[in-house]
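First chain A sits with chain B, and in the next complex the same chain sits with chain C.
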Partner chain A sequence: MSIFRNILTKSTSQLKTFSRLSTQVRKCSNISESSLPDKGQDELIDFEVSTKEMKYVERLMPQLTVPEVPKHSSYPTPSGWVPPREEALSLPYQVRRTKNHMLPVYHEQTHQNRHCVHIRKVEGDIWALEAALKEHLQQLYPEKQLASQVHEVARSIRIKGHYIHDVADFLISKGF
Partner chain B sequence: MASGITEKALKLVQSLPRLSLSNIKNLPHSIKKTKRRRRDRQHGKTHGRGHKGQGQRATLPRLGFEGNNTPFYLQIPKEPYYKDHELRKEYVPVSLLQIQRFVDLGRLNVKEPIDLSSLCNTRLIQVKWEQKQFGVDLLDEGADIFCARLNIEVQKASELTIAAIEKNGGVITTRYYDPHSLHAVVNPAKFFAKGVPIPRCKLPPQNEIAYYSDAKNRGYLADPEKILHARVELAQKYGYALFEYENEEEKEMLLTRKDPRQIFLGLAPGWVVNLKDKVILKPKDPEFVNYYKS
Partner chain C sequence: MLKRAFCILSISKNSFAKGSFGNDFSIIHFKSLSTTCRCFQELTQSSVDTLDIDGSKHLPKQRSLPIITSRKLEYVSQYSQPKQAWLESLETVDENKIGLIDLHPDVFGAFPRIDLIHQNIQWQKLYKKISYETLETRAEKRGGGRKPWPQKGMGRARHGSIRSPLWKGGGKAFGPRGPQSYFYMLSNNLRVAGLCSTLSIKFAQNNLHIVDSLEIPSDDPEYMEDLIDTRFWGFSVLFVDDTDMMPRNISLAVQDLPSFNLMPTYGLNVYSMLKHETLVLTLAAVEKLEEKLLYQLHRTERQAKFRLYQ
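So, the complex of A and B:
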């Protein structure tokens, strides 16, 4: 809302935009001022006012809030997006979607070879989710050692390794 | 403008006083002092050359010489950090997968032409002109899953990207925005709030004009007939049939294109948008009109 207020108050006056620079006539001490032509004001250019094309201006204005996702006939959508299911809320833990309707699962990389999966916005029993994730990943990769971190205050889990897609598939299968 | 100057000149001639020797002077540097021989006591004897040595005997070495050790100007190696920096352009990468996702999530309206303004209005893509970014480069990641029919205008696109869009019946145009116009295009709301006339977009620089005049890149300066040929060629190369449009409205939307000088669809350069009163001011002066139309 504050953006709209700024837009409305910042508009400059109409008259200033279409004007030429005022002519600077050099005044000489020999002449009296009354003989000089009175040209103090700026020259104004003729303009016309129109409202026909305002629809194009309105089209160029951004949406201030993230729109609701339109209903699709089948999921996943062509880009691979899947909506969250209501059954997931009955589980002991929940992973909320971000404001852009995406899963809050991120790949973090430091020191060129340190890869982590970062799961944010975890609600409920975070330790149960961590245990479930580790069990799932261990089944997929039996010979790998899994290191993980639970940050209760930040409501996030970090798992060391290249498991972002596996984690995302697991969460989608749960309905988050 | 010519009549204005004449009138002003005549008024000046009428109002200024009579010309006389007391109120005229030469233009600066029009009279040069003649160089005189240096024969007086001040400039005589050594004639400004000092005493003995190479200085007096006119045998000084070249400028920069430091007595045969490697001079300063050769010691320091060259590091062309900023060589051709003005020619280096950045384009923000946006993939077809991202565009498809935006369409799926309702962030982009497929029923209207999509240009850089629409992409930046989603706030999911930022184009910063101060970092020498000139627009968006549409990448072909997701060309296999892309199925949206849209009229899109970007700055760069590869052959596969163009094929993916045209296969689904869409239209793609590549177009150049100069940094001043880009500043307006990237944030139209902020630009309209300034109350400044819409700028006239400049043509691309020398090294980019070839790209935007080529039909294969669907450049906005290319010959429309050649673009039609290029569409057929690309369809044959990638093995898909050219789309047959049934809906007239949709066809009209897909064929809408901006003028090379136009930066906002439906709005001409030179107009001022008054957001507060919700009106558009258009100049009527023929001088202004001709400038903005050219």
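So, the complex of A and C:
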């Protein structure tokens, strides 16, 4: 009943309808009829229809498709996420974000000590991206030998070594 | 000489002979419930079709041509532009362009992954395959219970049974055993990528045509043949509409022409698209395909670990 009282005390611009509510007195063995409140046969109870609370239901329901990232006031976000920038369109190569708006850069490990960086979803001149990546990583690690693989059909690049964070930073700096 | 030429012809067209075409089918119904015309009406504000009470449609009136429209595309990345295609019509034998529409780049402009297309075709061939080959083992072969001759003293090789794999007429040791199924499911993402790659290849090679609907003025098969010859639409054509209740005229025209086939969108597959040279989609089919494929490309993976074939 308190729910009805709360709705009634809200703004009267809400739609108000009245309905006849026939009270049904249930016969319970442990409750005597005299203890129940007096109700007339045709007492009218007014209620309001409100759809403002539906958002609390909708945010609990599972989403079928990944939604767009909401606009934040500043980047990077508290989790470290950075949106892609428009200046990346002018480059001869592009690295598209995944459907979850993340960079398509993955760390692969086999045999306990073999680390690779896997960059997927490369569009445009894939060899130019590979050359740029190797040049950038060689500057950071001059004494290391860099081995890489370009898969033109699958549009991916693999680089041997534990350089995932350097590669991610490089791609973010380019605006992907 | 003539007979041999005829045989050669029949072999080359054998794959399109009736009843031996695998997935493709031609369904004949006499009432059109296509949503294509409705889609086109929503898209353009030009003169609309009128619907009679008994359900038969008048042929559309002459429109002011060409109409350039932009469809609402979702999930368009900043790195790719929408592809554009002519919207054609099957009302006349000659080419009849009635508009220009946008196509989603992720569906019709995807990178052609020939390795994934190959995987899709292999899967489509194999998942239905059941091999009924069986060969009996030495235990199942008739006889062979007794030792043919004593172990020693005969000067012959030692044997225990006349049905061992070494013997002529003996059982097969590791042969095929009974009905064996080659069923497996390719993951969802691979099948989606195969469809997008094939559609992109068809579009890039000018083998994809988009029409407003599959309505044609007559049910004569010659009309279809003339239309396809005039427009150079290739030896074989696959018509795809959103509905499986195809219009009367095209169903009758196409039913005895084995290389032209009608298909609903839910039957679209990589094998059929590559089998037919030309792919003709209605506007409703394009909308439906884009909606379904884009959903698969952008869906959440919450329930992935509880699904069987993902």
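Operating definition for what follows: the second predicted complex is superposed on the first by the 116 of 176 C-alpha atoms of A that agree within 3 Å, B and C clash if a C-alpha of one lies under 4 Å from a C-alpha of the other, contacts with A are read in each partner's own complex, and residues count from 1 in each chain.
Methods note: a contact is a pair of C-beta atoms (placed from the backbone, for glycine too) under 8 Å apart; a residue touches a chain by one contact, two chains touch by 3 or more.
Everything quoted here is computed from the prediction, not taken from an experiment.
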Partner chain(s) touched by A:48 [first = chain B, second = chain C, both, neither]: first
Per-residue touch tally on chain A - higher for chain B or for chain C: B
Chain B versus chain C as contact partner of A:72, first or second or both or neither: first
Partner chain in contact with A:63 - chain B first, chain C second, else both or neither: both
Contacts of A:99 with chain B and chain C, given as first, second, both or neither: second
First (chain B), second (chain C), both or neither touched by A:154: second
Touched partner set for A:89, first chain B, second chain C, both or neither: second
Touching partner for A:123 - first (chain B), second (chain C), both, neither: second
Shared chain A contacts, counted only where both chain B and chain C touch the same residue: 62-63, 66
In the complex with chain A, residue positions of chain C that touch it: 77-80, 111, 113-115, 295, 297-300, 302-303
Chain A residues within the chain C interface of the complex: 62-66, 84, 86, 88-89, 94, 96-97, 99, 123, 153-155
Touch list for chain B against partner chain A, complex: 8, 11-12, 15-17, 97, 100-101, 103-107, 112, 117, 121-124, 142, 145-148, 188-189, 192-197, 264-267, 271-285, 288
Of all residues in chain A, those that touch chain B in their complex: 3, 6-14, 17-18, 23, 25-26, 28, 30-31, 35-37, 45-57, 59-63, 66-70, 72, 77-81, 100-101
